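Note that the chains are named A, B and C in the order they appear, and that numbering of residues resets to 1 at the start of each chain.
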Amino acid sequence: MIETFLNPEIIAAIWPIVLAGLANTVLLSLIVVPLGLLGGLIVALLATVHHPLVRWPLMAWVDFFRAFPPLVLLVLLFAGLPFAGLELGGFACVAIAFFLNTGAYYGEILRAGIDSVPVGQIEAARSTGLNRLQAMGYIVLPQAVRNVLPDLLSNTLEVVKLTSLGSVVAVPELLFQARQAQSLTYSPTPIVLVAIVYFLILWPMVRLLSRLENRALASRR
Amino acid sequence: MARPIVEARGIHKHFGALHVLKGVDLEVAERELVFVIGPSGSGKSTLLRCLNRLEEPSSGSVVVDGIDMLDPKTDINRARQRIGMVFQSFNLYPHMTALGNVTLALRKVAGKSRVEAEALGRAALKRVGLADRAGHTPGQLSGGQQQRVAIARAIALEPRVMLFDEPTSALDPELVGSVLEVMCDLRESGMTMIVVSHEMGFARNAADRVIFMDHGLIVEQGPPVAIFENPSQERTRAFIGQIQRH
Amino acid sequence: MSTWDRFVDTFFNARVMAKYLPDILSGVVVTIELAVLIVASGLLAGLALALVRALAIRPLNWLIIFIVDLFRSLPPLVIIVLIYFGLPAAGLSPSGFVSTWIALGLVLMAFAEEIFWAGITSIPRGQWEAARSTGLGFGQTLLNVVLPQALRLTIPPLTNRTIAITKGTALGTVVAVTEILGQASSAVSNSYNPSPLMMGSAAYVVLFLPVVVAARWIETKFAWKR
């Protein structure tokens, strides 16, 4: 069994490839998480404008990306755009797709956070002369982020997992490297190994989240 | 009498179909303490919030310390620094210390350096008797202490007028005294104050003038003794009677 | 031809679309089949695990927590690939369809267990005590008193998670499942034209947008009390 699924010789041989994949997964995450957060912040700030001309298109935008599978978005950018004469490369396609897709999710979370801050906070800030933007930046957002921290973390976990979609458009991240190694070795060992790597990296985050979610629940009682 | 420091004329306020203020005139002289009473829904809080434009009056004019508050050219954020406000629910920023609460506007609106702002902030906290609580967050303070920090947050900006919107209504009875004491000190120092509250004892001792509002209008006003002992209007009499029966 | 005409001719080519419409539609059927199987088995398995966890048998609970953590940590695509390419080495050869079903079913099971469990533990102890004091047994209390309250709380997070995981059926294309994206992709490479991909995208929107809008409505209706 071990011979097949975790063959030591194969592990030794492919270890450098897997490490390179890990580096790319980390790099990809470090790019797409801030991009998604930026997109989410834009969405959430726009959502504070209650004008119907902003509100309805924004809601449609968010719902569209909640309905649209990220992989389809990615393939659309990667395989569709070249027909319009625009060849972006896998990495750029992943960045754009994530900015749009996870931006919508982060946006929903941050919007809920902003809504959870009492109006009195804004009034108190404005009564001391802070302008709208200052009140948002110094008073509302810090509290909003704290209130929805478990949700933000949970979404970040999903985003990191989603970087594995990069393998479909030839971004050499963990899963892509594993599949390359698999086709070279005709063995499931590379994929098992990469699954273990993912688990070891993300498990602490899952544990932390589980704790945070339980605490949030306890306070709701 | 010198030119009043607060001059509101013909204030109307609609919330949709609701007509909350129906043409209120209010003049307040420098160093005066005006006390506003009235049943809930009479529009007294809305009037207060129109003075610093937290509420946009539907019509009328508001001039505070010579500044036309409703003029679009007025820098409202600069103007609001001259008008301190204290809220019923304190509205302290829970993610900041007491000192952080007091110094935020000093640094971000008044443009003071951190050192300067903290010196002013500590002085303000000292005035409300909380010099030793500067590093505490609101969650670590009692209701009375929180409200005193909120007062310090307002007076640190050296306002010309202070607005109090039911400052003691959310407090346990035993904590009310400490807040009223700070308000008395503030009055002694010559601060112009407009107070919406149900603390009739405080009004008797400290107010120069009591205003009774009902259904969006000022029904009657005068010195505390006159309003409390000998109101001329039936509605005022009924309201005072109800309050005193408690 | 103007730029616009060329754009339409490329991305919304009527001839290509007509030719590949049957393929896309058969992809829609496969996507729906896959989605229904994943949702049904994932939610049921998740609920079953949460109920077992309520029995509070130590070693069993550790096992459940580990399984849940495992499938929350691994990217769904990795699980699909693992099952599809890994199991044959153990003598099992699940099809792409079955691999995707099992993988996403397990992921949904893990998330559903967490959410159901959170719902169950959020019911105050007093509810248990009141029910037990009237003579109801453990199972009766769980079924008649606790679960009905808990399920109500779990509906909004559960719908959101279910949608997110069901959208993952598109991942099946990586292991040759002939669902929408798979059909669209092969049509694009056969016709050298992106129109099938546009059709496929439209199909996803038509399938999932109503669900998302319904979820938004449910969310406001069953919102957690804050």
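Everything that follows uses one rule, which is that a residue touches a chain if its C-beta (ideal position, glycine included) is under 8 Å from a C-beta of that chain, and two chains touch if they have at least 3 such contacts.
Small disclaimer: the values here were computed from a predicted structure and weren't measured.
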> For which pair of chains is the number of C-beta contacts greatest?
Replying inline: A-C
> Of the chains present, which has its C-alpha mean closest to the combined C-alpha mean?
Replying inline: A
> How big is the gap, in whole Å, between where the Cα atoms of chain A centre and where those of chain C centre?
Replying inline: 18
> How many angstrom between the C-alpha centroids of chain B and chain A?
Replying inline: 46
>> Nearest whole angstrom, what separates the Cα centre of chain B from the Cα centre of chain C?
In response: 55
>> Can you list every residue of chain C that touches 2 or more other chains, as numbers and ranges?
In response: none
>> Under the stated contact criterion, what part of chain C meets chain A in this complex?
In response: 7, 10-11, 69-70, 72-79, 81-82, 85-86, 89-90, 114, 118, 121-122, 124, 163-164, 167-171, 173-174, 180-181, 185, 188, 193-194, 197-198, 200-201, 204-205, 208-209, 211-213, 216, 224-226
> Which residues, counting only chain A, touch chain B once they are in their complex?
Replying inline: 118, 120-121, 123-131, 134, 138-139, 142-143, 146
>> For a test of understanding, state which residues of chain A touch chain C in their complex under the given definition.
In response: 1, 4-5, 63-64, 66-72, 75-76, 79-80, 83-84, 116, 157-158, 161-165, 167-168, 175, 178-179, 182, 187-188, 191-192, 194-195, 198-199, 202-203, 205-207, 210, 213-214, 217, 220-221
>> Considering only the defined contacts, which chain B positions touch chain A in the complex?
In response: 52, 54, 77-81, 83-85, 87, 89, 91-95, 104-105, 108-110, 150, 153-154, 157
